[in-house]
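In what follows, structures are represented as structure tokens.
One chain, chain A, links the two complexes that follow: it is found with chain B in the first and with chain C in the second.
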Partner chain A sequence: MAAAAFGQLNLEEPTPVWGSRSVDCFEKLEQIGEGTYGQVYMAKEIKTGEIVALKKIRMDNEREGFPITAIREIKILKKLHHENVIQLREIVTSPGRDRDDQGRPDNNKYKGGIYMVFEYMDHDLTGLADRPGLRFTVPQIKCYMKQLLTGLHYCHVNQVLHRDIKGSNLLIDNEGNLKLADFGLARSYSNDHTGNLTNRVITLWYRPPELLLGATKYGPAIDMWSVGCIFAELLHAKPILPGKNEHEQLNKIFELCGSPDENIWPGVSKMPWYNNFKPARPLKRRVREFFRHFDRHALELLEKMLVLDPSQRISAKDALDAEYFWTDPLPCDPKSLPTYESSHEFQTKKKRQQQRQNEEAAKRQKLQHPQQQHSRLPPLQHSGQSHAAPHWPAGPNHPTNNAPPQVPAGPSHHFYGKPRGPPGPNRYPPSGNQSGGYNQSRGGYSSGSYPQQGRGAPYVAGPRGPSGGAYGVGPPNYTQGGQYGGSGGSGRGQNPMGSSRNQQYGWQQ
Partner chain B sequence: MADFQTSTQRAKWIFTPQKLAERYKAANHRAVQMLEKCGTTQVEVNASGSLTYPRDKVDAGDQADKKLKPLSVDEERFMRAFYEAKVQEVCSAFEFPHKIQATALQYFKRFYLQWSVMQHHPKEIMLTCVYAACKIEENHVSAEEIGKGIKQDHHIILKYEMAVLQSLEFDLIVYAPYRAIEGFVSDMEEFLQVRGEEIQKLENLLKAATAEADKVMLTDAPLLFPPGQLALASLRIANGVLGVVDFDRYLENIVSQPNSEHTTSELTKLLGDIESLVKSYKYPSEKDMKHINRKLKSCLGHSSSHDDSKKREKRSKHKSHKSSNDTPNGAPIG
Partner chain C sequence: MLTAAGDDEPDPIVGPELPTEATPPRVLTIISHVMEKLVARNEWLAKQIKGFGKSLEAFYGVRAPSISIAKYLERIYKYTKCSPACFVVGYVYIDRLAHKYPGSLVVSLNVHRLLVTCVMIASKMLDDVHYNNEFYARVGGVSNADLNKMELELLFLLDFRVTVSYRAFESYCFHLEKEMLKNGDVSSLKNNQPMQESLSLASTLSSLYV
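The block that comes next holds the complex of A and B.
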């Protein structure tokens, strides 16, 4: 226990060599995210210069002391050791205030901070996918999906449900490794467990139908639904089920996957909220129709993931055996993937907000921009098929495996390939951008210092430049549609519990 | 697979007997030094959850005539034994599963590797360990409920929680012998090809071994041996009474497994060691406790926390709190 953590150490004896170090061992560099119960910072360990991520555990308003969610996360992360699961390095503390503002000793609340220290990861999948001009290749998507499933399989084998699988919780480093993170909603389960788990888990867009219908007994299949959503999102280049509330979410699911009945999902009519939510008329399953532009094996796998009945949904293990991962083009080696400048959803979202504000200002000044449209780009097809969906920006769509992927042509994207900011009056000064500022001090973490391997360069819109400029003026077309919570609200698809969930739901299982 | 083999318990919390004795001695030594220097051993847990160590004596003249006697290592052991039994009492009163009881006991044992009972009163730590164990084992009981159930102020539990979690170094997953006992019994069923009446006998063995494991958990054995060996020892003790299986033959079968780490004689010796720990286990007499409590009281007595705790007593709704504060014998349980 560090003296600083526990205060006034009044003895000359050496500090015991156990307990937690102080957070003062780290220098906070910038905020990179908002975890399910606290902020996440990028920080540097002062002694070693190593870059880490610090996740603060919010301790206020806890009637039951140390939050159960944090306990679960610590417990689970200390148990899991896998290359596709984020590694908890240690827990550090910061001393608390002993008195409240009036100088009275405050009641039994721990005012100090507790931080979990993680290995630093450069990106999260959503942040990465939202990079303008960036398109994943098919081998790249296979590589990420394979890692996601491998990590998740490991969790499930060890009887851990993640319960919040979504892009921003899948971290990716500059060596192409993908790791599951944010186990703040995770919990252990046992097969013989009689259930009574809370159904208020998983971010809405990735929440499976059984939870939306009120199931309190569930298993690993809930995570596999989320994986299906992410898989389709990677191929489709945008979220596939962006519901605004639980009712709409279910409707969207039924419109895509058909409405459930006792034939395809035995027992569904006995689900707690089935009668409240069942559609007025039966709907046909249209997954194949919606995603007809996907290649055959991708579609086949997706069909097995987006199965309404959880007992028939494919497991992580079986998904890893799917043809998709064993046919050309094969998943690439993570190390062969390009490196990108750091991007987390938290940051890209902030940037987009800035852009919107700037754009509105520009409008007010009657300065007409060329209409910018940027949505995520569909993957590059390496297998020779090229049935791009009609609404996708037309670009050259027939690269081969080794050809550098191309930044899509066409007027709407022309400047994404340029290293510096867009034309227009409202430029962001390089110093004002989040990810650019620390490049020098980050050494190995800055994308510029990585050797460009293979098809590295063309992926990056200005690999060395401050990324703020390269993000363009035009807001992504689905950003304004309210799906992101309008003006940067609580994030993608309404986090199930929000910041107050510890009090409300903390003790539910 | 994440299991005991990859656990923090195996890596950090199982010691050699020598090392364990050293840890106890060192914890005692730190408290003794503190007493000499500061005239008290009480480390105060502040409202914030942080700790305040006592200050150096200033009014030495005033206290010079009072020679404070610290607890010895053996007296500390008695004190812990007394409260470890209380952990089991509290857990049975709440009808918690064995697993929670075992987890709470492990926490309690680990906490007092870092501290002396002279620094943190074991009554409070005992309650906090039970509370923390419930939380970790997903068995919801609020602090208030625990406090009410045993007529104690639940604020104390919450106050100590951070100190306990930190002292445990946040190593929260604990492996207990109970599941291993179940595993061995169902393995025996297969190995011995039992059927009919004999199945009932095995069930009796399971029950008896579980009770034996409760006793094993009160010794130092959980800090010295892995849970699987604790389980086998419990089974062997129980089988010694019931005579259900040919235990030596069963042990040979275990040892013949390809991944076995021990020879039969090694394993037999280890189980014997555990058994003798159970046999030599000593629970303090009332007289012992009276004496130790008096000493402990004087070690804690000059603490600055005295006023603070009085204030709390006034605020506390539970009238019994005061009388039970320093006399563990009178602590109402259940």
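The block that comes next holds the complex of A and C.
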């Protein structure tokens, strides 16, 4: 810190050198996440009172050393600064038991662990969407989608592929801001797509056809497929492509988007796994048919996202210019969104367990004393208990690119057996428009709209285990693709058009 | 202990394949040459200023290993089969350290440990398939725990700046070539490698680069 002149206070706060501060600068309030690879805490910075999320990087595995996932996440987050990208504030260390008396920065200063300090976010999109009784309004969906696309556009301009876009990695605070999180699988890419990248990325349900067909050269379009899946999921009120394994995933994609051929996707027949997976008979594209209940502009945009050929898929920037975001009802201001009670899965899981036990006890009791039915506890969808927060990955450690695909780990990572199907009203607007027909036809109001599969995507082969998790605890997931490549040039790819719409993107002036 | 890592046939190292007899890539020769020069200069400098600086403390061995830098790099290359580009990137890390902590010198007591740590991190960043720290520790002749400590130390010293842009990578390659030629060192030409090829280091290695 610069010395203050005599008689004056130097109130200037220097940015702490990363790794120079101890975790003791924070008071852990409670654990909000737990995974095989580490814990996430909600904590308060003692000096400022600010609430943050502390993600501990576990280093128990001596043989592997510092997890490569963490190295990647740190270096990528260091260069990304955007209101729709989670902010890594600093890294703190815990001296652990080997600290010498003076707390001298000796060789053991990292012994106790390394923590990444993030801004605190209250929810994630999946958790919020699954909140029983909660329905997103159309302007709200537009608002989230717009923020998602803006954040992703920023990443892509900075030549970073996220490679794990899904609801549980989209964090939302109580001011309605949405931020991309968990960059553990992210990597830099170069524009010419010459890289030889691993295709074992992205949670299965959100994984694009080119990766499933074995592409190792790919670009930002992979993230846009995931965005399309999320968009449809928000409007449709459930995951649209819940495959159980890679083969089934591709089949589901083809059933929805038609079977690929050289006409609609030049080069597809040369894809590594095309011959193993091509559909037995030609299938028609049925996106419009499946989602006919969406409003016109929503459907139009979705059609451009769920394009099989990655080179024809809409970019984040063009998607932001879609009519959808510029027609009534317009995206709302994040600040106008309702706030929701903050809760995190780690806590709510306990509450749910308790509640389930109570409920079961009540059932048993009911069997014995049917007349006591009224004494049952409120059903699980009682508000306030449901929020799902980030869930923490528990993937295979250190897979290599050659690792065989893993069998998806069960239907749900997110809710741990939480019963589906709240009797309450649907969470989402009945459709993207005012028609409302769809969910009702599915019995939405009476029997709930949750899919059997449950929400958390199945995990998927590859580097990433069941992952997720907003703050993404995990190193487990890392793939080992090379890292290099354009290191960023922000400002590149600026929107050349000077229309007023561009100003909406905020960051790129 | 580093000193235990002999320069002839190695102690039992479990590798998936036997090392091949192929000549090591030129980049190893160039980098070891450049590092040797740097160490020689710094040793002299350290005597003048009577100290090495503090930042690189974690990398100090008790005494300088007997294995030469060239042999040490060859050994790393031979057993870990990391891509040659890792050596350039590892060199970039050392260069970044040297600029960031000008008072801390790369000398014979720390150069080996610095190299193995840098190359390992580079390989983690660059190679799809790479060996873990335990393996690197055995190849490098240091303990697993020490290597982990040095890895962390290095990451923090670099402030996690472990990305090397393609452009930077390329200019380092040219810089390395130039160093080699400037010194009138002809070893790069010994293996019947014409000048033209020697200048194409960047393009040869860059294919490994995404």
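Convention: the second predicted complex is superposed on the first by the 295 of 509 C-alpha atoms of A that agree within 3 Å, B and C clash if a C-alpha of one lies under 4 Å from a C-alpha of the other, contacts with A are read in each partner's own complex, and residues count from 1 in each chain.
Everything below uses one rule, namely that a contact is a pair of C-beta atoms (placed from the backbone, for glycine too) under 8 Å apart; a residue touches a chain by one contact, two chains touch by 3 or more.
All of these numbers come straight from a predicted model, not from anything done at the bench.
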Regarding the shared-chain residue A:Val157, is it in contact with chain B (first), chain C (second), both, or neither? first
Let me test your reading of the model: by the given contact rule, A:Leu80 touches which partner, first (chain B), second (chain C), both or neither? first
Which partner does A:Leu197 reach: the first (chain B), the second (chain C), both, or neither? second
Of the two partner chains, chain B (first) and chain C (second), which one does A:Ser188 touch, if any: first, second, both, or neither? both
Mind working out whether A:Gly65 is in touch with chain B, chain C, both or neither, as first, second, both or neither? both
Name the contact category of A:Thr48: first (chain B only), second (chain C only), both, or neither. neither
Dual-contact residues of chain A, meaning touching chain B and chain C, are 18-19, 63-66, 68, 71, 74-75, 78-79, 91, 107-108, 110, 114, 188
Once bound in the complex, which stretches of chain A touch chain C? 17-19, 59, 62-66, 68, 71-72, 74-75, 78-79, 91, 107-108, 110, 114, 188-190, 194-198, 398, 400-402, 479-488
Would you mind writing out the residues of chain B in touch with chain A in their complex? 1-2, 6-8, 30, 33-34, 37-38, 46-56, 114, 131, 135-136, 138, 140, 142-143, 155, 157-159, 161-162, 165-167, 169-173
Interface residues, chain C side, partner chain A - complex: 57-58, 89, 120-121, 124-130, 132-134, 144-145, 147-149, 151-153, 155-156, 159-166, 168-169, 208-210
Can you check the complex and tell me which residues of chain A touch chain B? 1, 5-11, 13, 16, 18-20, 63-66, 68, 71, 74-75, 78-81, 91, 93, 95-98, 105-112, 114, 157-158, 187-188, 507, 509
